[in-house]
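By written order: A, B and C. Residues from 1 in each chain.
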Amino acid sequence: MDSRNFFRRKGSASKIKIHLNRNKSDEIEPLSLSLKDNLNKLKTTFEHCEDLVYRKVSSKKSNVDFLLVYFGEMIEKNTLNNNILKYLIHDIDGFSKRKSYEYSKFIKASLPVSNIEEVTDYNSIIGPLLSGDIILFTEDCYCALIIPAKTSDERSIAPSATERTIRGPQDAFVENINKNIHLIRKRIQDPNLAVEFFTLGHSTNTNIALLYIKGIAKNDIINKIRLKISTIDSSSILASAQLEQLIESHKWSLFPQTLATDRPDKLSRSLLEGRAVIIVNGTPFALIAPVTFAMFFNSSDDYFERTIVTSTIRIVRYICFISSIFLPALYLAMTSYHPGMLPTPLALYITGARVGLPFPSLVELVFMQFTTEVLIEASVRLPKAIGQTVGIVGGLVIGQSVVQAGLVNPLIVIVVSLTALATFILPVYTFALSTRILRAIMIIAAATFGLYGIVIAGLFILIHMSSIESFGIRYLEDFSPYSLSKLKDTLIKAPHQYINRAPEYLNEKNNDEV
Amino acid sequence: MDNTSKLKSISMLSIVIHSMIGLRLLTLPRDLVSLAGNDAWISVLISGLVSLIIGYSYYWLGLKYRGLNLSQIAEAVFGKFIGKIILSIFVVYITLAIGLSIRAFSDSIQFFLLDTTPSFFIIISMIIACTYCLINGIKTISILMDILLPVILFSIILLVSFSTTNMDRANLLPVLHTGIMPVLGAYVESIHPFLGLGVMAYVMPHFSEFKDTKKWIFIGILIVTFIYIAIVMMCIMVFGSKETEHLIYPTIILSKSIQFEVQLFERAESFFISSWIPITFSTMLLFYYSSVLNLKALFNTNKHNFIVYLHIPVLLLIALYPKNIVNVYEYLKIPTYLAAGFSIISISMPVISILKSKKKKNNCI
Amino acid sequence: MKKQGFIKVLLFLTTPVFILILVTGCWDYVEIESRGYVLGIAIDKANPSPSKDEYLSKRDMDLMELMEGRQKYAYTIQIPIIPRGLIKPYGGATGGGEATQKRTWDLTVLGHSFFEANREFSTKLDYPPFYEHLKVIVISEEVAREGITESLDMMLRDHEVRRRTRLFVSPQSAKSVLEVVPNIDDYASLYLEKLPHNVHKTSRMSHITDLGQLSQNIHSQVDFGLPRIIATDTEIKSAGTAIFKEGKMVGWLGELDTYHGKWVRDGVEGGILLIESPFAKDELVCLQINTSKVNVRPDIKDDRITMNIKGKSTMTVVEVNNIMQDYAFDSESLDIFGQAAKKKLEDGIKETIKYVQENYGADVFHFNVAIQRYAPSTWDKIKDNWYEIFPTLSVDVNIDIKVLDTGLVK
């Protein structure tokens, strides 16, 4: 089945429904037989839309009048000229043989354009018109035709900028939802791959697609997601990030409960594991749900490299995650609370570095942490050319001169920069962001209670992580309850033949057996 | 909230282990060695075997009264009135045990980590952490236990294996020279941490396939027995029994006396001290949980959160009441005695239940 | 809705707590440089005999009459002097500062107990003494002879002091040992801490003895030995043993006696054995100890207790002082070396045991522990008059020595 077909039918249907809801008029408003009436009506509806084109043409051979209405920039000019106007004006013959109410059916059969729809209701033409279709009215006919002719002048498929791989496929999602679905369908040629469309946002009318594989994904989970999406009542959805916030259940949590990615291979893998993918028109980032904690440590490259290497890198990532949260706090606790826990030469060394510095370690640490945050933010936002300058300014000027000025202990510079590096090793940016906040919490805890504070704050975070769930799946499902099969693609990555099965907790079949 | 989430049978393993390894791990070697000398480890072995029986009796009760927890079973077995009395004994035992353990914990934290920090803050932070977890339900608790278990086991194994470098096996000699009586005397003391197993009887109704938990209960008890034996034996082998008697926290001192020539591992005890906070936390959490269920059954109420909050002032009061560390250990004897009652009651439950059902059968005939 | 209720309660509970913490918090926060790291402690008598005045002049020891009666001990703590800007990351001079600069501050205070002295240190130091990095305690002979437990009790009780702190006994003033500036290390304390690791090289050095072991020995009421330390201006030597009986020092064991004593205690971890060559006169052969295992078992026959010292050892010939000598490279001659070594060693051990039995009567060989373990019922009978029995014990030494190879040359 062609995805476009699928999309057209369902999409327009739901669109009309929502459109009707918005106008609060449930009754059907029939179209007028006269072109003039229809034209006037449209002109009142779209009063200030100067980009709306009303074009009157008439068939040369049969002398029938047509009215074409469309937004000029949104349609494909070729389709309009070659497939619609040419046929209407020159080629179609035989109107005289037919009754006027049969015209629209006749045109529908004659035009070389697919998926033409016939409507009689005035309200149902507004949605398609807005989304870039051409509406064709015919004199003396109570039916209007919706002719799909959306332009497709969008950027072409390019490699992912946020998640680069070395051996993986070099294509990434674009803004267009159809292209994105196409990228997935290319990979999973399975009739069980279900695509459900929704239209959300009163003003934006954003197309959203929910993808999952029937028979693999658990029905409960899909129902939960479907329910969440369909109950959204929001006026605008411009990007997947907004949808993410609308559908997740723990809004105040630091941990993301869906995973945004623009890599079709990653999305396909998630689909095959039994997860659902939500694609939002207008954003290259699709959402994976439900997610578990361990997924944020998987990079696409993991699946293209050798097992032992990958497993080692995975473990390095976990260590980095832990150290990016705990390292500055541990430094503070160890030096200011429990210097007895450091080996004697190290304790004396740090003391030597600290002697004569004016500020307490806490102030130094907070200052350096703040500086790093500023540098990171600056280098992310700035254009590439200036971004490098920021790195030099930050690394050399601040790092070096702050130490030389005798303001900050060089060890703090080491700790803070190591922490920042450890944060960058995490493959998912959203997740890396939350470690920054966690780190700040840890520093406060360490400053007040030392090692005890760190452990207690760590426990709080752990409790929080165990309590949150993503669409019925616990965040830490990968680690609890214990199961050896879960370890195959979490802490380590087993060779491919061992991990091609979907995880138990996501698998519909497994659930049935029990 | 609790009713919707079911646990897998393997989750029983971590709950069983956590319920039994707690604060007592720090002081148990001293208590046992002062009673039984070199042979303290034998009494731990006996306790382990006895707790297998206790574990089985809980399992049996759980099978018989599917969907009920221990406090509800107690009511079902003993009837409404006696059941309530027994429940109130449970309540007193468990709340006292939690409150005093928190106090003992905060004292030792003050001793080893934070000298001058008021114990109030240590106590309240622990209680709030427990409360936060309890509000989120049994599934959260179970996940937390599963995550903490490897950390705890790893640190204990590390401690034991590091200590082997300066142990002297001959310290265990002579075996049973003073006869079996001191060993049995120490057994009464050593069974106490094993009674934490009772928590298992409170989480029983949450398992989807309770039958399969039998294996995990037994494995859990065996692991705990092994850990306690290893720690007690290590203390004796490293310090000798005479020295162990003199140490207030033999297990911490054990970690402090680990010796390496490599500088990196010089301070192995810092790792152990910090890992022992979650050890205490997990046990306290599980006791807290069972205490909440007890009170719910006692007052016939379903207000989970209200009962949880009710505990905060009570526990604070109990924890802040003792004046000094000696006081704490004196008061801790009260729950020890109550624990004996608790264990007798819980072992007698299956017996009474069997007698009852037989009676019914006879009546039918 | 349950969640929201919880958040309310949580906020209600935690807000005051957090405010309190932030207003008054950080009770134990002390910057790393504002602690006085005590690396070593020396314990001397407060009023040294006139001959020792050179080590501890009146000037060194601030006489502060705090309690009635005479001050008992002079406690010296060693604190490292850490120069400002020890680490200059870019282009600054690193390394241990200037050679002439004084590296430690050895501060002496008088007192009855260490804790009293400890508080007294606070009057002279601008930051509190911090004992978690205490590496070594040196005790002078005079203090040791009066009893070691009294002066060390606080060290065992305090949680800051580690049980791995090394203990030494010095025939000189203990302070003079700490004051040595070793040529290859900055602090005498750290040097002293690492020195006992050489027990793998020589057995003339006593065991690695730390506070924990001392506490064990005192609590299980056995006699023990502590390593002897001797110092000159720039050098420190640790060899020989101070013998303690019931917590009081009774005398010294020389280096060879220490060596033999370690064989009995199964404490030999390395070292050498020097024998006369069985093949030629006036020729020495040096054997290196590879492995050794000694067991002490009581043998009780008709109320007569004999200590059976049985052992096994393997050795290597490492040096023969006549290079021209050509030995037969066969197992027989190796056996002959073994026999000679066995005789030498057994004689030495017997002699040492006899010496200790006669002169000190201190059971540093832990014969009582052996009897306690392997003949507990006999021990119950004799434990009350053990010190009468100990000097009369007969000893049977049997150490099997195998010489395995002769190095690279025949």
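Just so we're on the same page, a residue touches a chain if its C-beta (ideal position, glycine included) is under 8 Å from a C-beta of that chain, and two chains touch if they have at least 3 such contacts.
Since the model is a prediction, treat every value here as computed from it, not as a measurement.
Participant: Grab the C-alpha centre of each chain and report whichever is closest to the global C-alpha centre.
Facilitator: Measuring from the global C-alpha mean, the nearest chain centre belongs to B.
Participant: If you tally the C-beta contacts, which comes out ahead, B-C or A-B?
Facilitator: Answer to which pair has more contacts is A-B.
Participant: Taking each chain's centre as the mean of its CA atoms, how far is subunit A from subunit C in angstrom?
Facilitator: Centres of subunit A and subunit C (C-alpha means) sit 66 Å apart.
Participant: Could you give the separation in Å between the centres of subunit B and subunit C, each centre being the mean of its C-alpha atoms?
Facilitator: Comparing mean C-alpha positions, subunit C is 40 Å from subunit B.
Participant: Using mean CA coordinates as chain centres, what's the subunit A-subunit B distance in Å?
Facilitator: Whole-Å distance between the two chain centres: 47.
Participant: Could you pull out the residues of subunit C that touch at least 2 other chains?
Facilitator: 21, 28
Participant: For subunit B, write out the residues touching at least two other chains, lowest number first.
Facilitator: Correct list: 114, 117, 121, 125, 132.
Participant: Two or more other chains touching the same residue: where does that happen in subunit A?
Facilitator: In subunit A, the residues touching two or more other chains are 337, 340-341, 344-345, 450.
Participant: Provide the residue numbers of subunit A that touch subunit C in the complex, in ascending order.
Facilitator: 335-337, 339-341, 344-345, 347-357, 360-362, 400, 403-404, 406, 410, 447-448, 450
Participant: Touching subunit B in the complex: which residues of subunit A?
Facilitator: So the residues of subunit A in touch with subunit B come to 337-338, 340-346, 449-452, 454-456, 459-460, 462-464, 466-467, 474, 476, 479-483.
Participant: Quick check: in the complex, which residue numbers of subunit C touch subunit B?
Facilitator: 2, 5-6, 9-10, 13-14, 17, 20-21, 27-28, 159, 162-164, 197, 212, 215-216, 219-221, 372-374, 376-377
Participant: Tell me, which parts of subunit C touch subunit A in their complex?
Facilitator: That would be residues 21-22, 25-26, 28-33, 35, 37, 39, 80, 82-87, 89-90, 130, 132-133, 135, 160, 190 of subunit C.
Participant: Contact residues on subunit B for subunit C in the complex?
Facilitator: 1, 111-112, 114-118, 121, 124-125, 128, 132, 135, 170, 173-174, 177, 239-243, 245-246, 253, 256-257, 259, 261, 305, 309, 312
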